[in-house]
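In what comes next, subunit A is part of two complexes: it sits with subunit B in the first one and with subunit C in the second one.
Take a look at the complex of A and B:
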């Protein structure tokens, strides 16, 4: 077997080196983290909910995991050898890794976990090209693909709905019931619906010796806190008050106005992350007005993205039009996009005329569960009314909106924040517009081609070109509006030492000072 | 009975009247367009330009309250009238035609088994948020109580001597109901609907607060409070001002209802001075 590409730990320690020198941590203490939503399940494989991910990624690990920059690095695997034809992935597993029940992880557990993910995982499509999984010995897993799929490692390392490695016994459980036993630095103590989840430090945790320090979801993880309590608190004001009083130690998100107010409070440290998510306005190219490209272009020209972003994010935003984050491997650049993102009401009105607009109703479906969605919908509705469009803003709860927007008809615009997909890289973003159920409902031939090139080309340059092709098409045909990048503020009490903000509030490698 | 001599009545009248006049005149006296965003002046504190400050969108809170009070009053009044008509009809049928009584009252019992607000939220969520939906939902939720009050009044009235007499002289049912029963029941119905008016305003605010009232950007008192909830500490004026208006309206209507009840209840008449 030819070693075409090798992700090995030896290569990546260099990436971990620039991290600051590690202060000596102190064991002990019960830390309380507050999050907005309650997790629908703790079965990590079967949901993409942030509320679950926050908790489950303390309990579960994956073969590969994303590092601080979002790139895949070995975690439970020592590395992988990929054959020259891109069809065989030979994973060597770390030896002696313990599950929370004391069992040593071996290749049968990994095989069972991957197979379970292929059946009931939320992103089960990443297992679709897998033809066979072999376990030649206890520490080797060979995955054979039926077709080339360069996004495989990105897929199995994504934290979106993590491809968690579970015990073979746990893998036999149906969706939603597995996942209480993992290999992570914390083990499940108690889960109380509508209240909290309590995790306890797993003292027999086998940290990854190939790293020197924490690195994204990978790296060398050390648990210092005796326990981590995740409290589910829907009210932002209550969470802020809890942090102020010291009842809570860590918040996954602090409201921007509250962060402004607490700037001078020495007992609280705020960590701003930019970018956190895309703010988008998805369009239905299959139905009514937005099936007409002139009308879609009119909408594109009518919107004042700065006003939308300023209101939807309370000011924590940046206007960044690309459909990938800057400084990542697939960033397609922003050249030539200004003409699409600059508001031009006259052009918008001319395009409406060109599209034969006669006062038909434009339906925006927005949910009131996420402020940025509702605000984006509300402000966009006003801006479109200002060019003479007849806009109906239909506000419903999040599950209803999710359901409504899956229908091929009945909606035109849908405000959506995309957080984890752009973090994952190009696959989640381009894939959102391609395949069997594209977000814009009607498949677009050029996007399909870009998706095919992205998911089957072994050459990185070809895949990067595919992302650029996708972005150019989305702008040219006004298939969707990228309003800008949203930031987020995570916050801790000042006695939480060595905390570093990330996709989830990581409670390893930090401690009470 | 001279209402105007009663301080409670006067206070109620002033409270409700002031809000009602302001709401009706909103189009002329509101300093700004209530849905006009100004994102450069978000969460602005009250000053001489924006008397009650601005909200997260930079919209003038005073203008939004003026227009929002109109929506609240409109919904409250519509619910009071519609549930009055529906409840009075059901109560009248139920109290007069005894075979229908058991059926109608069991249906009313069924509706009353759900807390009124919960029923309204469920209905509004199902029908989709709009002003009409809020009116329908709250009317359905508050009709059973009115029907019960009306039925009790009819049962009392039908046994009155002059009703018996009208029957004895051969007056037909329509005449008896219109000439004798309805006037006898008008007082308790009026009192009940005054309270429904107040409760409906409060309930509309709750519907809007939980997001099933009229859709944004239309201001309603409840939705303005909901807008201010996340910034209660940083920008308390957003929630405080509409909250005060709701309190004024509900207190005023309750005072009016109380005076009305006292004045119309013969057993209370001796206690009034």
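Take a look at the complex of A and C:
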């Protein structure tokens, strides 16, 4: 027997931003958005790159999408009925939704999209528990799981590497070559690598009638701009200059010093988002010094996190030790965490002695592609040298670091900003430390137990307890350092009306005043 | 002359072969691949391996190498999965940007640098010489990214005369094209102007002490005519060398300029591909850049023959 369930019931949603008033906008205009990076591909399913997400989520939609507070809400689906045993998900689809090529979306497209995601999606693990996908009629999709997986809706609604619904024909394309046709409010006009992506308003877009206004990635989306041009501009100073001159209308991120300088400029509006990401220092519990828990605790005790965050973020940070964002459903609290990060050099030296430290080399691998990563690594290296550790800071480019950190040996600390994972909720965060290839390399039995409880318990309270168990373990065993929360500043020209900052610069439900 | 061109082009074949082999060697030496980049930092090795397979990146290097050379023999530089287009097409698409920058930058640098060098030589150790050489030294010493940002700030933001970045094709809007490349080409010109002016001055000084210049003066030619016609003609060979190197570097990609002004040129394509580990583009891009250098060197050699009758006679 199936029953309609709200998978967000019981979650605390105090973080929900107030929904904007119903849009009263006017159509027209070509808006120009600038972002630093070029998308590696526009095939939304196959990458977790923010640069792709910024663009693809204007073109593509998912069955469920995250709302303003980050909770899943129906988007292309009308809703879902989940069986009492948690093994069957019956999705009823919205009727009359059009793809950009004019085709009406039906259950075969949804089935093909989910199957493609299971094969080549970046977060294909979401589809791992799926035993079968059935399409009893054109507007119904039934997903049968082989095991209970309460995070299924969270997974398919995540914008990280979106489980985009594409046409069945598009789904036949290999990784990197699909995804030019979606159901979103904008269609792809042109993509020029190293230059720009041009999206055009999809005038036949079928907005979700079940909402009154935009709501995160869900809600009722209305496109007002005739076109959206995403320009890829690597140089921060040039992006700021473009915003000042009015050549650009929206920046996905404005440097903190530039935001300070432009405070008095009435033609620019800056929006600060806090929190945006975690700044972390991952540890390799499998190799060398950091295989020793006393040494890891010494590192944990020695670091001055405020100094690290202040330098790594140009001051846009907050010290928040929990491994989930406050005011979200799985926030485990911060009680008892302060005792671990004491910035106590004497205690750190005592722990080094307890761990039998004899001047062995501690290797920090940091990339120079993201300033917060390099600054965190650099400051941490200096702070650890101050307690007598022999620290080697290896600076490489981002792909090389990604390769290095997958190796079981050769590195001890890895500074990483985690943006989308904490936004997704507990599954991305806990899952990063669990499974066959955890980030700390050596699986931890307590974290594995927490992951199992999180992914198989039908009771919310049990899943929340699992996140607390995970957090307590990470601190107690010094498996990773949560340095703090990073903020971000999005900015627009003042004539961009009704803009609301979010995980991407959303160009629906805003217009030129 | 045709024989010279044929010999030089034939000599380019081993150079290009070595470049392609080195670029293949780099795929072995440099860690990381595009699958890891696509999958993101929280992907496991298994996730990356799966994506690598779906992208067709799991083929053995030797197989990829042979297929690439077979394609090259038919004029095909391969295909980029990430760009979703052929490498040759991707490079051709960016050539107008790079050519615009290179021609305009070098043109402006020569138009100012050569007369400035001649004026300095004419007034050696006097204030015009010191002022010209001082200015060229400043142009030579300033980092191009800083110069670019300074121009963006002054000309783009404060004066609002020119756009701060982006490229408009000449075929779409000639005036827009000129406006879009004026600042980056100006920046490039300022960095190339120094070497050209200094080389012109030193070469002109050497030529100015030659017997035939003394003869020209004895014939009663004006100093302007002596320098503009006879000294410049004699000094052209080293100037062509410096200009040729600058032109080759610009065609290979004035990377920093392209980054600062957000121009989709060849340099940015290749560097972006290095950062994304998009090997077909890296291989094709390096090969094309190497070929461009060979062509520019050949062109400079031909210009030597045009500029110096003695070399013409020898050849």
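Throughout what follows, the second predicted complex is superposed on the first by the 496 of 513 C-alpha atoms of A that agree within 3 Å, B and C clash if a C-alpha of one lies under 4 Å from a C-alpha of the other, contacts with A are read in each partner's own complex, and residues count from 1 in each chain.
FYI, contacts are C-beta pairs under 8 Å (C-beta built on N, C-alpha and C of every residue); 3 or more make two chains touch, one makes a residue touch a chain.
Nothing here was measured: the structure is a model prediction, and the numbers come from that model.
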Fit or clash between subunit C and subunit B when superposed on subunit A: fit
Which of subunit B and subunit C A:260 touches, first, second, both or neither: first
Which of subunit B and subunit C A:117 touches, first, second, both or neither: neither
C-alpha centroid angle, subunit C to subunit B via subunit A, nearest 10°: 30
Contacts of A:397 with subunit B and subunit C, given as first, second, both or neither: both
Contacts of A:175 with subunit B and subunit C, given as first, second, both or neither: second
Which of subunit B and subunit C A:411 touches, first, second, both or neither: neither
Partner chain(s) touched by A:237 [first = subunit B, second = subunit C, both, neither]: both
Winner by number of subunit A residues touched, once subunit B and subunit C are compared: C
Minimum C-alpha separation between subunit B and subunit C after superposing on chain A, in Å: 5
On subunit A, positions contacted by subunit B and by subunit C: 235, 237, 397
Subunit A-touching residues of subunit B, taken from the complex the two chains share: 35, 37, 39-40, 42-43, 56-58, 125, 128-129, 211, 215-217, 229-235
Subunit A to subunit C touching residues, read off their complex: 38, 40-41, 46-49, 119-120, 122, 124-125, 160-161, 174-177, 192-196, 231-235, 237-238, 241-242, 244-245, 247, 369, 397-400, 402-406, 416, 418, 421, 428, 431-432, 435-437, 439
Contact set on subunit C toward subunit A in their complex: 30-34, 36-48, 50-51, 54-56, 81-84, 90, 93-94, 145, 149, 152-153, 156-157, 160, 163-167, 259-262, 264-265, 268-269, 272, 275-277
Partner subunit B, residues of subunit A touching it in the complex: 235-237, 240, 255, 257-258, 260-261, 306-307, 310-311, 314-315, 368, 371, 374-375, 378-379, 381-382, 393-397
